[in-house]
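Look at the two complexes coming up: chain A is in both, with chain B in one and chain C in the other.
And then the complex of A and B:
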């Protein structure tokens, strides 16, 4: 039994954290709601109860996965670049512009559009990276500011040059249909974007743990002096990690547009970049864990959305639940002691016969 | 005699399952200097961490001044009157020396703000009292190891502990500094203090201690009066075999000059000249030793040689080739390897595995990687081989470095660097913190490399080591080479000492 617990320790720890979060939310619902039974059902069960909702869950997860892995790469290099939101936004703007003005066969148009979006996002990652490597400015501050720059610059470009004057709202022209991402066969809502997101997650996993570049990124993160000493060009790595992160966020933003909106209609920044920060933390910057964290976050979102529609519990509830769970998982020390106790018991049994002294 | 400290049947198992203390009992008499010795990884640091409240034991009890005590954290320990100088320092790198010293008992202005001036005064005062000079306003992260060590010691002295635990305090000190420290310790003993002293240097143990306790593999082997034991006995108790201290024979085949250093000068950020016109050469098959007190420019010189720093003036040559301003990567490609003095800062990434630490200079060459893809299978096999060959005590090649004992971490660094098939070896304190048995191993490896035609530049605070290994010796003082010895026979450490302290200058 102890052995089993040790092997699945991380999974168990996260499950316990989640359970506590759930328990707290149950408690809150019991207090707030007049019909707690139904409310609990909306929040926790409804995402599974209809095929449409299950499919929306997957669609919602896709951009979060993109942003999670986009953030994880600089985070692994201990670069606190939180610019995924800006990279995603500007990537989408660039991609939309490209997809409005060009027309090609879908098989070329789709990857090319994503590439344009990625490059724009990459540039957004490059700037804080370069400033950090060159003058040691805080990438946190610069990337935050870049988020605003992306927002205003993006809206300016869209509203002044590509606005659809026929539409009632401030939205761009439609992108060429050759750049649309379609739904998956046999699905009504889930599009190929989740497949693209998962592919990127696997690629990033491979990048980080099985390539020389990934080794350089992680080593730089663990000990900058050591990386330099070993001959790693940390200047290059710090910049590169942020470019790759920005690239992926940009692709993620454009995928969302191509699959769902098919024109630029974000008048407020969509917030996926911040979800990305969250799932990167929960998933400990590991791409595979980030996939699960994103699905989980999407599940909470869908349930929360449904709860809000159907009951008297406010949407803010969901934020509370999310925060509780994230707090619990992030507190590294949480339950670690428990693991130690078991390891120690195992080791004592093996190594120290009873009653020995020196 | 009364025991000030008694630990009974201490059992400590680390989270990874390593049993570092397997039922250890030790009794330390009041007002003595008690040495704790043992091979790397035998559990000395662990035992001290238990007593100081850093590690929680699974079993056992601790008595202090006759009373049973529960030391849950260092705070409790300090309150009881126990102080500890750690093997890997625990100073705040971004604070100044003065701030670090007063940390936890800061003199305050207006009840809230740190009184910086007062802190500096306190620092000056204590540093003069114990003759351990430190720069009060420098940040810890900008200091060389030897100075950090002094800060650690002063910090404990300032807290007026009754029992001082010193975990390898001399491993980063020169003999002169050690002598000063020993005077301080004797002085402290006169004031009635008790000292637990960990060291791998037998001469020191013999010189300073009253009692010696020997540990091996998590257990205590023996405790004896120091004057009953010879250095020989101690090393025999520790490693179970004899060790040679003879000067090694000079290499026969001395070849062409491999490394040439021409007129290197360097001025630091504060505009003081740190290196002044340093010139020397090292031939293939030669070990050139650089003696000097830490902080006389050795760090900067080594960093310039290894590409981590640029000289203001002067040139470096590998054979005929100018290697000025090459990056660390380029220098490593030219087979220049480097054992850094500060292993935790430069030598390892402590939160990663041994495997990842072994490949930092070679991950982009086959067979460690092909194209961009790392070959983890091979890396694992290779790492296991290094662990075996260098006798590193680790429970797996996937263990993280921070789960190793100090000496074993040093061996990780040495193993990586010496296995790189180097032409030039820059070895800065290569045996720092390593036990006598492993020291012999490292020395033999350096000699092997020399005999295979490498050029070795040996920087060491340990004069015995320099005299034992070097074919030529230089002494550095305030950034200048103040003496050169091309013949080593008959040189004694005191001779070198005069030059190191700047009391004498040779023909250079």
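And then the complex of A and C:
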């Protein structure tokens, strides 16, 4: 048992953090809801009880996966670039503009549109990346500011040049149908975007753990000085990690438009970038774990919306649970004393001679 | 450009700059003090939200502005404490836990707002008390300058006085000396017997205090209600402004004034049919440019310093 705890300490730690978050939510529901039993059911069970909700869960997870891995790459290099939100937004703007003005066969149009979106997102990663690498400018502050720049610049482009005047709301013209991402066969809500998201997650996993570039990114994050002395071009790595991150976030933003909205309709920034930070933390910057973290987040969201709709408990309950979980997971020393006690116990047990060797 | 120039040259514009500067100056002082101790507090956004919300709610239920002030400050300092506890005691990365605290504050305030006011947008249904406007004797009689300087909300004057307070704290007290020592070289500070963690915690508590005042001004001075995410990025602007001002009292004041000016201009540009999206860009782009110049200067300084050794 003790050995098991030591081997899977991180997994157990994260599970306990999640359990505490869930416990707090149960407690809150018990206090405020008139019918706590039903409310708890809406929050935790309803996502599984209907096929539509289950499919929505998967499609809600797709952009979060994109942003999670987009954030994880610079985070692995210990670069606190939180600009996925801006990269996603500007990527979607660029992609929408491209998909409105061009028309091609879908097989070329879809990848080309995603490429344009990715490149725009990449530029959003390049700027804080270059400033950080060259003059050690805080990437945190610059990427935060870049989020706002993307938001206002994007709205300016869409509202002044590509606005659909026939539509009642502030939205862009429709993108050409050749750039639409369709739903998966046999599904009504889940589109190919989840497949694209999973593909990117696998690619990033391969990049980080099976290529030289990935090794260099992780080494830079592990110890900058060690990386420099080891001959790694840290300047290049710091920039590249953020460009790749921005690229993926841009693609993620555009798939969301191509699969669901088919026109630009974000008058408020959608917030996937911050979700990305969240799942990157829960998934400890590992692309595969980020997939599960994103599904978990989507599960909470779908449950939260159903809860909001059906009961007297507001949706923001979910934000409270999320932040408590994140806070506990980021706390490196949370439960470490417990681990140390077990380690000591384990060591003492091994020291006692038993006569026979096991 | 005629009408723009006219309105910018009016005393009302100068008044607007100080008004808009106030909710930036408070959190900027907070960020600066925490940065001086080497533990940057980017949870200002959340701290301000929590205090702004607490102030409105307490003032609505007690009808007592002192209690509202006290409760708001208490909540702000608590936010600083939680951040410090997670960072210093539980060894969490200070940036990640601050991001979590910001998320918590945003969700929690909307959650509570809904439970109390049955509204997820604003608390207009709950009348909040506001801090009084102060008309400065003598100064208000001076033409133009009087119009710019007099008649502000009490907290605007508190904000400006806080700069002087910050100067004394940083340069004239033991705590200030220790804060700077810990920020510049924690190992050296430790070696002369300074409790580094304790000093960092104090700096976070002080920064929470100033974040609280910024939040209270927003909901009980700037306006008289709480709105969801009403800080609108001011906590992050404060991070930029503090960096821009080199985390030092005078610099912090000038950079906050600069942000007040830029924001005031973008508000004054709005009726001139210039696209508002475009004018909103100005403060953010300026921050990036200014921050870049600042870091270029720091890099050169570092190089020059290395050259001497």
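Please note the rule applied: the second predicted complex is superposed on the first by the 329 of 358 C-alpha atoms of A that agree within 3 Å, B and C clash if a C-alpha of one lies under 4 Å from a C-alpha of the other, contacts with A are read in each partner's own complex, and residues count from 1 in each chain.
Note that a contact is a pair of C-beta atoms (placed from the backbone, for glycine too) under 8 Å apart; a residue touches a chain by one contact, two chains touch by 3 or more.
These figures come from a predicted structure and were not determined experimentally.
Student: A:327 contacts which: chain B (first), chain C (second), both, neither?
Tutor: It touches chain C, and chain B stays clear.
Student: Considering only touches as defined above, state whether A:223 meets chain B (first), chain C (second), both or neither.
Tutor: Only chain B; A:223 stays clear of chain C.
Student: Look at A:278 in the shared chain and tell me whether it touches chain B only, chain C only, both, or neither; answer first, second, both or neither.
Tutor: second
Student: Determine, for the superposed model, which of the two partners chain B and chain C contacts more residues of chain A.
Tutor: C
Student: If we overlay the two complexes on their shared chain A, which of chain B and chain C does A:215 touch? Say first, second, both or neither.
Tutor: Only chain B is touched by A:215; chain C is not.
Student: Applying the document's definition of touch, where does A:231 land relative to chain B and chain C: first, second, both, or neither?
Tutor: first
Student: Considering the complex alone, what residue numbers of chain C touch chain A?
Tutor: Spelled out, the residues of chain C in touch with chain A are 42, 86, 89-93, 95-97, 99-101, 103-104, 106-108, 110-111, 114-115, 120, 233, 236, 239-240, 243, 275, 277-278, 280-281, 284-285, 287-288, 291-292, 294-296, 298-299.
Student: Per the contact definition, I'd like the list of chain A residues that touch chain B in the complex.
Tutor: 210-216, 218-219, 222-223, 225-233, 339-340, 343-344, 346-348, 351-352, 356-358
Student: For chain B, which residues count as touching chain A in their complex?
Tutor: Chain B reaches chain A through residues 9, 11, 13, 15-19, 22-25, 58, 219-220, 306, 308, 327-329, 331-332, 338, 340, 345-352, 356, 359-361, 363-364, 369, 372-374, 376.
Student: Quick check: in the complex, which residue numbers of chain A touch chain C?
Tutor: Residue positions touching the partner: 32, 80, 82, 127, 131, 135-138, 140-142, 144-146, 148-149, 152-153, 155-156, 159-160, 274, 277-278, 281, 314, 316-320, 322-324, 326-327, 330-334.
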